[in-house]
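There are structures below to look over.
Two complexes are shown next, each including chain A; its partner changes from chain B in the first to chain C in the second.
Our next item is the complex of A and B:
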């Protein structure tokens, strides 16, 4: 066995050019595949993290009818009991009480449908970094009655910082909710939806506007470590009356997103599959060529008494070695690349950025480091090189070495 | 001789068949029109309490109303405190809403006319199109039934082709002698019952008797209804059409 390996290793470097060409094609394939997967998985991670952190939380407590019909009638009373339950939970990094409801916002002759988000300013900043997105004016504070709105909405309504905005909608129990609110700041949010439609205000202001009187539409909870999700779920389901409350996990709140990711992932896998197919045929071609080129050599060795099965083993070892070397170099080269892009996400500009915004995504390509996915590339390439080699290598056994040596074939 | 006989037969047939239909058709419209006139009078002033019942809550509103003919109408909300001061006005086919809290006069756009009024089971259209039941439909007499102890005509209303009506048909029960609208059924285009209105508690208001309680029940929505109870109403009060102006909306109390 050891002897065959040594033979194989020496054989590889007898014809360096052939070996290097084969190896470099494998290196290239591994790099492309791992970078492509990295970008893909990275964008999924980003989408989910954004959704969890800034809009749904890992867990959300709401009225049992709220998810089906998001109206203020399906809000719930935020009792002291519930408050202390949430406050005593040390596994949470964010506890965000919220009132959100659709409304009409108007200024002058322009009116637009908007979503009023009543939030705790500090907590919202923790969640979505809203404070750092303020481009004009100032951020909300606990006591002010003002609102911050997106730059696109401000443009549409012709509003500047310091102007007032009229909101009109339905409050709790269908009461007329109307108020004139001062715009204290404008933010620029990378997601078009938020920039065009969201109005952030203090929880108290929203509560007064909609006559909520201590009621909330949801409390979103973000965990320190998402592995605790099941634990936290059971904890809240046990502690709270589920005929009144609904405790939702991020999976059920982001179903559409998860489905989109799943279908996108499916196509991603197909493309990677095609890439591997191309590489597979490449390996097949070089091995076939090698076997044909070395027919005389093999025949002489067989004539000297080397058993064909041993010869097959040697040639197979050669291709496996090339596979391993290629895959290792590929991984070694792509890892720093992935790591670099992981630390420095690729910002998109121009039309591409606009497309991302339209889909309510931040126009940034993030690359994920997934050791498992990298390992998978390695194994797949290895298996490919073995499978591709089987056919050509097997034909060695069928050589008629006598006629090959005599030059008749 | 034969011709004369045939003519007589035809006349007889016409007397028997057509007059009946014609008289019924005419009277059906007239009955509906009379019932509308009875409700509105030339002009009126009223205090009304509206109770909105929903599965999760019930709330009451009180309001003052003024009307002149079928075209002018004004509502001033007096309670609860959160809604107090809101005014709705209708002039012909237009409707405005004055919200004192934000000092804004809002013209209700056509797209919102079929939406709920103040979160109740009545739509803006129900308030605006007072005379619609008489003019937008073809009326036919279906028969007679007793509702709440009143002998009523049962009249079927099918909207005419060009009328802007959301219903597939409406059935009305109007009391024979008094012309009270005792019961109404609103059907959608698939002829499924959507809304049911029932009137009761006949009382004396000024110069006339009227059912004081109207309940609107959206039959497909469980646990929902809206009750309108007339507390006071006087008819043929002196209001000129200038009362129904945007300026006055900001002034009325």
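Our next item is the complex of A and C:
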């Protein structure tokens, strides 16, 4: 075995240029594939994390009909019992009770449809970093009865900090909800939807506005450790009456996002598949050449009594060595790049940034470090080099060495 | 003669030539087909946005574009003569009033955009009337005010065809008005977000409530064939001072950006695959010249000049690439034709696709220029790939090669 390996290694360097070209092609493919996957998986992670942390939570407790029809009729009473249950849970990093409902907001003669988010200011800041997005005025504090609104909405409604806006909507049980609220701050949010449509206010203010009287539309829970999800799910399902409450996991709340990710991921994999296929043909050509140009040499060795299986082993070892070297160099070269971009996400500008905003995504390209995905590139290259070698290597067994040596073939 | 020689040479080792041809054609087919699918998606979004929503050209008053206030209307009489003057190239047009409102039912409320339309004229501009899945497009014998809403909004408000919903909005003086409408038509486009927020009512029903005036409108939507788009645009711009005339890609800026981003990513993908191909082709051609060392040395010894030999090897590479290129293009052309008319159902991601406005079926399509550009790129690739092997031949010492 050792001898075969030495043979194979020396054979590789008999035609340096060819070996280098083949290895470069593998390096190229591995680099492109791992960078592409890094960017793709990174952006999926970002999308999901953003969605989980700032909008849905890992788990959300709501009325059993709320998910299907998000109206205040389908709100639930936030009982002390429920409160103590959630407060006693030590695995949570965020507990966010909220009231959200659509409304008309107007100022002077201008009116816009908006979404009122009644939140606990500190918790909301933890979730979405809203405080740091304030560009004018100040953020909500515990007792303020004002609202913070997006810069774009302020522009439409001709509002400045200190002005007041009138909100008008439907409260719990269909009562008319109306109030005049002061704008205490303006925020700039990268997602257009939030900048244009969201109005944040204190939970109490929203509760009064909509006559909620202790009712909530949902309590979102973010776990310390994502792996505790199933455990937490069972805990809440057991503890709560499921004919009244619905306990939703982030997967069912982000179904559409997951599907978009799935379809994007599918195309990404296809592209990489094509790339490897093309490289595979290249390896096939190289192995074919390695066998064909050494026909005489092999035939002589076989005539001297070397079994063809040994030759097959040597050629296979040569191919696998090329694969391993290529994959290792590829990974070694791409890792610093991935690591760099992982630490320094690439901000998008201009038109591309607009597209991201249009789909309510933050215009940033994040690159993920996924050891498993990198390992997968390695395995793919190995399998590829073995598969590409099968055809040419097989032909060794069929050599008619007598006529090859005589120069008839 | 050299051409013939090169052509015959590539068939001397079929397995090898075929492996190169296959690599090129499969690589091309894969990349092209994937980009055809993404182009199909984007074009579908663009077309349905134009057809269902924004039309080719929109005219607003200058103020409306800035503040979108209800009072920023224009007088129909100011615009009509200009449209009439260009009637040869404007295919159709419609005037609309627009207002942001809150739609409420007993079960909930949702923010919507209400478009006050002219029943007859709107048909000629948008295709909403073709997308009606339940009820009629403003055709029922009801005394109530009619509203046509999207399937998604119906689900959101938990109402049915025939239900009444209340629209609340501010009129031109800033008074909040409540008005109930009967749902007489439900439409479904391939963009669920659009369906959720866009509703249609008749102008005669909404204008008196808004008090904006009977011949005052917020927007004029125009359909113009693609060839006349820029021409009509510049005419209108010139003849309508004080108005903001915009083409579809100026109204929805992301559409064209998406399309060009897709072009760019197609180009990057193809470049990556072509680079991957270069490695394979170089190796194959190196093998070809190494194998024919003696033969090539003999030719040179007999007085064939380097230029001719170089040309022969370049031609061989080019032939291989062209065969692969033609095959890959043909495969793509066929697959795009086949699936382009039938569509590829993508059930498992339907909701996600519909939210982005792509419907649940993918229709691949590819512009002719892409095929041409690809063919050119392959030729360039072949030329680059043949440099190494040719140099290799020239470096060989003729006497050496012949002696061994």
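Throughout what follows, the second predicted complex is superposed on the first by the 392 of 409 C-alpha atoms of A that agree within 3 Å, B and C clash if a C-alpha of one lies under 4 Å from a C-alpha of the other, contacts with A are read in each partner's own complex, and residues count from 1 in each chain.
Everything that follows uses one rule, which is that a contact is a pair of C-beta atoms (placed from the backbone, for glycine too) under 8 Å apart; a residue touches a chain by one contact, two chains touch by 3 or more.
Since we're looking at a predicted model, the values are computed, not measured.
The superposed arrangement places chain B and chain C in clashing positions on chain A. Legend: residue contacts after superposition of the two complexes on their common chain; A:270 is shown touching chain C, with no touch to chain B.
Contacts of A:192 after superposition: neither chain B nor chain C is touched. Using the contact criterion defined above for the overlaid structures, shared-chain residue A:320 touches neither chain B nor chain C, since it reaches no partner.
Of the two partner chains placed by the overlay, only chain B lies in contact with A:179; chain C stays clear of it. When the two complexes are overlaid on their common chain A, residue A:364 makes contact with neither chain B nor chain C. By the touch criterion defined above, A:288 lies against chain C but remains apart from chain B after alignment on the C-alpha atoms of chain A.
In the superposition on chain A, contact of A:382 is made with neither chain B nor chain C.
In the superposition on chain A, no contact is made by A:333 with either chain B or chain C. Put simply, more of the residues of chain A are touched by C, taking chain B and chain C as the two choices. Contact with chain C, but none with chain B, is seen for A:114 once the two complexes are overlaid on the shared chain. Note on the superposed arrangement: chain C collides with the chain B stretch 110-118, while the other options among 38-46, 56-64, 74-82 or 110-118 stay free of clashes. Chain A uses residues 73, 168, 170, 174 to touch chain B in one structure and chain C in the other. Of all the residues in chain A, the ones that touch chain C in their complex are 17-18, 21-22, 24-25, 28-29, 32, 69-73, 101-104, 106, 108-115, 156, 158, 168-170, 174, 197, 255-260, 262-263, 267, 270-271, 273-275, 277-279, 281-282, 284-286, 288-289, 292-293, 351-352, 354-355, 358-359. Contact residues of chain C toward chain A in the complex are 15-16, 19-20, 22-23, 26-27, 30-31, 34, 37-38, 67-71, 100-102, 104, 106-112, 156, 158, 168-170, 172-174, 176, 253-254, 257-258, 260-261, 269, 272-273, 275-277, 279-280, 282-284, 286-287, 290-291, 346, 348-353, 355-356.
Those residues of chain A that touch chain B in the complex are listed here as 73-74, 166, 168, 170-171, 173-176, 178-180, 211.
Interface residues of chain B facing chain A in the complex, by the touch rule stated above, are 52, 54, 56-57, 59, 80, 82-83, 86, 99, 101-104, 106, 116, 118-120.
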